[in-house]
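Following this line, the structures themselves.
What follows is chain A paired twice: with chain B in the first complex and chain C in the second.
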Partner chain A sequence: MYYLKLIWTFFRIGILNEMAYRVNFYVQLLQSLLSLGTAIAGLAIVFSHTDTLGGWQAVDILALLGVFMFVGGVIGMVISPSMSQLMDDVRRGIFDYTLTKPCDAQFLASISQIRVWRLTDILLGAGVLIAALIYRGLDIGPREALAFAFVLCTGGSIIYSFWLMLATLTFWFLRIENILHIFQSMYEAGRWPIGIYPHWLRYILTFLVPVAFAITVPAEALSGRLTPESMITSGLLCAFLIAFSRWFWKRGLKNYSGASA
Partner chain B sequence: MKHYTATYWAFFKTSLLEQFQYRAAMAIWMIGRILEPIIYLTVWTTVAHARGGSVGSYSPADFAAYYIVLMLVNQFTFSWIMHIYDFRIRQGELSNFLLKPIHPIHADIAENIAYKVMTAVIIFPTAILLFFLFDPNLAFHIQTFALFLLALGIAFIMRFFIEWTLALVAFWTTRNEAINQMYFTLGLFLSGRIAPIDLLPGAIQTLADALPFRWAVAFPVELMLGRLSQEQILNGFTMQAVWLLAGFLLIQLTWRLGIKKYSAVGS
Partner chain C sequence: MSNIPDITVQNLGKTYEVPQREPGLGAALKSLISRTTRDVEAVKNISFSVAPGEIVGFLGPNGAGKTTTLKMLSGLLHPTAGEISVIGHTPYARHKNFLNRITLVMGQRNQLMWDIPVADSFERNRAIYRISHGEYKKTLDELSTLLDLSDLLSKPVRNLSLGERMKCEIAAALLHRPQVLFLDEPTIGLDVTMQRRIRAFLGEYNRRHSATVLLTSHYMADVEALCKRVIIIHHGELLFDGDLSALIERFSPHKTIVVDLETERADLSSYGEVITAEGNSVTLRVPKTKTADVTGKLLANLPVIDLTVEDPPIEEVIEQVFSN
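And now, the complex of A and B:
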């Protein structure tokens, strides 16, 4: 409860901050609509030459696109800005202020920055997803919906843990903010089902940069493709990465010595 | 002329040294530009297999050749100038450039070339690796290659002129993100990155013919692949010449108008 209240507080601060720059909202909305339009036009071009792509119908890929935008929006709203902020704070030595607060430092660092306007991506993504489902005649039962919710949460946690581990590296190597860009570049590959890629790339996108679990697997749950194996793998990997990133974070913290004058 | 060569050499050397400091960051920033052609290559190869072997006149091996050459052409012709110019103007950094007794575009061109030379160390091995992974259908003819190099050279300057003009829009807007994204989106479709131009719907193809994107990227690629007739090659070079001239005039105009608007802020 306490944690939820904190999240809400940071969210409110995010809103207040952004209220000073209202034009940003329109800029962000325009950018979100543009990228949605681009994605749909790209899909239309590909599907003007074929009916299925690696066994996926156009409407299934549309649902995948919805998941892609939704997860991308969550990353862009909280995870990416907070982790950049963390790396910046550690470099400048002002991470001290986070450590001295009477709350878990990992939690605080993970929600310290909230880009409220990225909500546009989250809402558009959810909208696309729902539109795709309605187009298919809402043919998913409670079992699929539950499975979807489960793998979306585990996939999201996997992504979060991955980002946290990348950002934690900053305790050892100060100037590596570009490392976060690796993820952003690889994320683009997630707008298509991972199954179409060559083996080596599929491997990278599953285990090195776990885009597959956050996007393809949830979309599979919605189109009845989810195998029990991938559901279990997603759950286990999620549990492992949360524990491991926590351990890694603690190791990193021990290495932190402040850098202020 | 001699004066220019010496200046360019000096700019080139300093940029090279400066950028060498950021070599790791540079490699990371290249991931996206390498991954994008691989993504669309895979998508189109999958479509080709689903249709029993080809899409339009492209077989999987043709797609492989197309996207590997596209990766190289895009790498050698792209610029990032429009993403940094609004910062330059907002922060008054432009004043430093104005104090030099030479048009500021020269320093930017030299910096871009230095970057391309340095990243060649990554992009060529990548291309060779992809060559073995995807088995492209690419024949080498010395004449075609000579024409390709010419088209690539013109494409580089032409694209630089146009993107520099776009960067100068920041004199009026101070924030260019949205405009840049629109330019990027148009480029994605019209320069043949999402799909080869032949596979796009007719109306978009007409648009691609009229705008510069196709002539800066897709034209050199198709030329290298030997997909163009003599007539098409001639037409391509004509369009390149037209847009090169248009870009040159646009820069002159926007620079003159923009610089009058510019007033530096800060100490």
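And now, the complex of A and C:
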């Protein structure tokens, strides 16, 4: 309950922060609509040449696009800004204030910055997803919906843990924003089902930069092609990464308190 | 006040491993592959204790180890040697009961958020420290009155002057009513009026709540106004721990004598070192042991209107300490 209240407080502060620069809202909305427009145009072009792409129908890829935008919105709203803030705070010594708070430092660092306007991506993503489902005739049952919710949560947690580990490197190296830019470009690859990529790239997008679990796997759940294996793998990888990133974070903190001046 | 100290430090030491690199591109490239490090002892074998409700000035030149010690006391750094206990806790364990009862203010680093009103930054701390609304209102009212914040609370931090921002930083750090305050240069960069304001506030806060305060500052006026006791460290070692008056007694071999005469431009250089001579007022520096002697002679030989014997300014004494 305490943590939920804190999230709400930070969310409210996020709104206040964004209100200071209201033009940003319109810029963000325009940007979200533009990226949705170009994505749909891209889909239209591809599917004017073919009926299926790697076994995926146009409408399934539209659902995938919805998931892509939704997850991208969550990353852009909380994970990416908070992790950038963490790196900045560590470099400027302000992270000391986080450490003197009687609250879990990882939790505080993970929600420290909330870019509320990125909600546009989340809502548009959800809209596209629902539109795709309606277009298909709302043919998913409660089992698919549950499976979807499960792999979306595990996929999201995998992405978060992955991002946290990258940001934790800042305790040793201080300047590593570039790694995050690399991630951002890899994430772009997730707008297509990873099955269409060559084997080596598929491997990278699954395990090295776990975009597959955050986007393709949830979209698979909606189009009835989710295998129990992927679901179990996603669950196990999620549990492992949460534990591992936590351990890594604690190592980082130890290094910070051992070395920083 | 109880007899159990709030802060106990025993044989505290901190050694940093610092990467070492020769200048030049070649060395920079080499350091990408293998880093050579050297050990720097920032704090060496320091021991002291602070009683509840005491204000202690923590002095030393830049790089003396003051900030390192404060960081170890507030749980940010692990000591490499020795023991610390603050209100019964080992700081670096960062137990919630410990963190709830201390606060850290660093004059050069801000925790308030830049773009939103001060009150909303306070609200964040309220939520983090689980302060009830009633308690929060009471504390905020008190801090607002003492620091004169009421006009500032609704302004975004970026619109505040440095001094106003510092007042708000200090208030933010006290919302949870900590028992122990670690203040690292809380008045740095502020104008004299604002320094005095913050000083007066800290003194008042300490009196009202019997808070224990460990304060570092480069401004001796802060120390003179607030701290009966000072701890001086230099090159990581403890040089002095005791009353401010004892410090002056011990480290200053001189006294200052100010004489007002009936005549102008008298030459008093035979009595001691003349520091200033303006009109009929002359300031002399004399060895402490000769003070009585010189005073007697001045009164006997010259048409003296007024004469005072003073301790030299604390800055001078501190300079003396560090030059030894």
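We adopt the following convention: the second predicted complex is superposed on the first by the 256 of 261 C-alpha atoms of A that agree within 3 Å, B and C clash if a C-alpha of one lies under 4 Å from a C-alpha of the other, contacts with A are read in each partner's own complex, and residues count from 1 in each chain.
As a working rule, a residue touches a chain if its C-beta (ideal position, glycine included) is under 8 Å from a C-beta of that chain, and two chains touch if they have at least 3 such contacts.
What you see is a predicted model, and the numbers here were worked out from it, not measured in a lab.
Enquirer: By the touch definition at the top of the document, which applies to A:Ile40: first (chain B), second (chain C), both, or neither?
Expert: Once the two structures are laid over each other on A, A:Ile40 reaches no partner at all.
Enquirer: I'd like to know which partner A:Asn17 touches here: chain B for first, chain C for second, both or neither.
Expert: second
Enquirer: Is A:Tyr97 contacted by the first partner chain B, the second partner chain C, both or neither?
Expert: Only chain C is touched by A:Tyr97; chain B is not.
Enquirer: Pick one for A:Ala145: touches chain B only (first), chain C only (second), both, or neither.
Expert: Neither chain B nor chain C is touched by A:Ala145.
Enquirer: For A:Leu108, using the defined touch cut-off, is the partner it touches chain B, chain C, both, or neither? Pick first, second, both or neither.
Expert: In the superposed model, A:Leu108 contacts chain C only, not chain B.
Enquirer: Taking the superposition as given, does A:Ala243 touch the first partner, chain B, the second, chain C, both, or neither?
Expert: It touches nothing on chain B or chain C.
Enquirer: Can you tell me which positions in chain C touch chain A when the two form their complex?
Expert: Where chain C meets chain A, its residues are 16-17, 42, 67-68, 71, 74-78, 92, 94, 96-97, 99-100, 102-104, 106, 109-111, 113, 115-117, 120-121, 123-124, 127-130, 156.
Enquirer: Quick check on the complex: what are the chain A residues that touch chain C?
Expert: Residue positions touching the partner: 2, 5-6, 9-10, 12-13, 16-17, 20-21, 92-94, 96-97, 99-103, 108, 254, 257-261.
Enquirer: With touch defined as at the start, can you tell me which chain B residues reach chain A in the complex?
Expert: The touching residues are 24-25, 28-29, 31-32, 35-36, 38-39, 42-44, 46-47, 50-51, 55-56, 133, 175, 177-178, 181-182, 185, 188-189, 194-195, 199-201.
Enquirer: For the complex, give me every residue of chain A touching chain B.
Expert: Contact set of chain A toward chain B: 27, 30-31, 34-35, 37-38, 41-42, 45-46, 48-54, 178-179, 181-182, 184-186, 188-189, 192, 196-198, 200-201.
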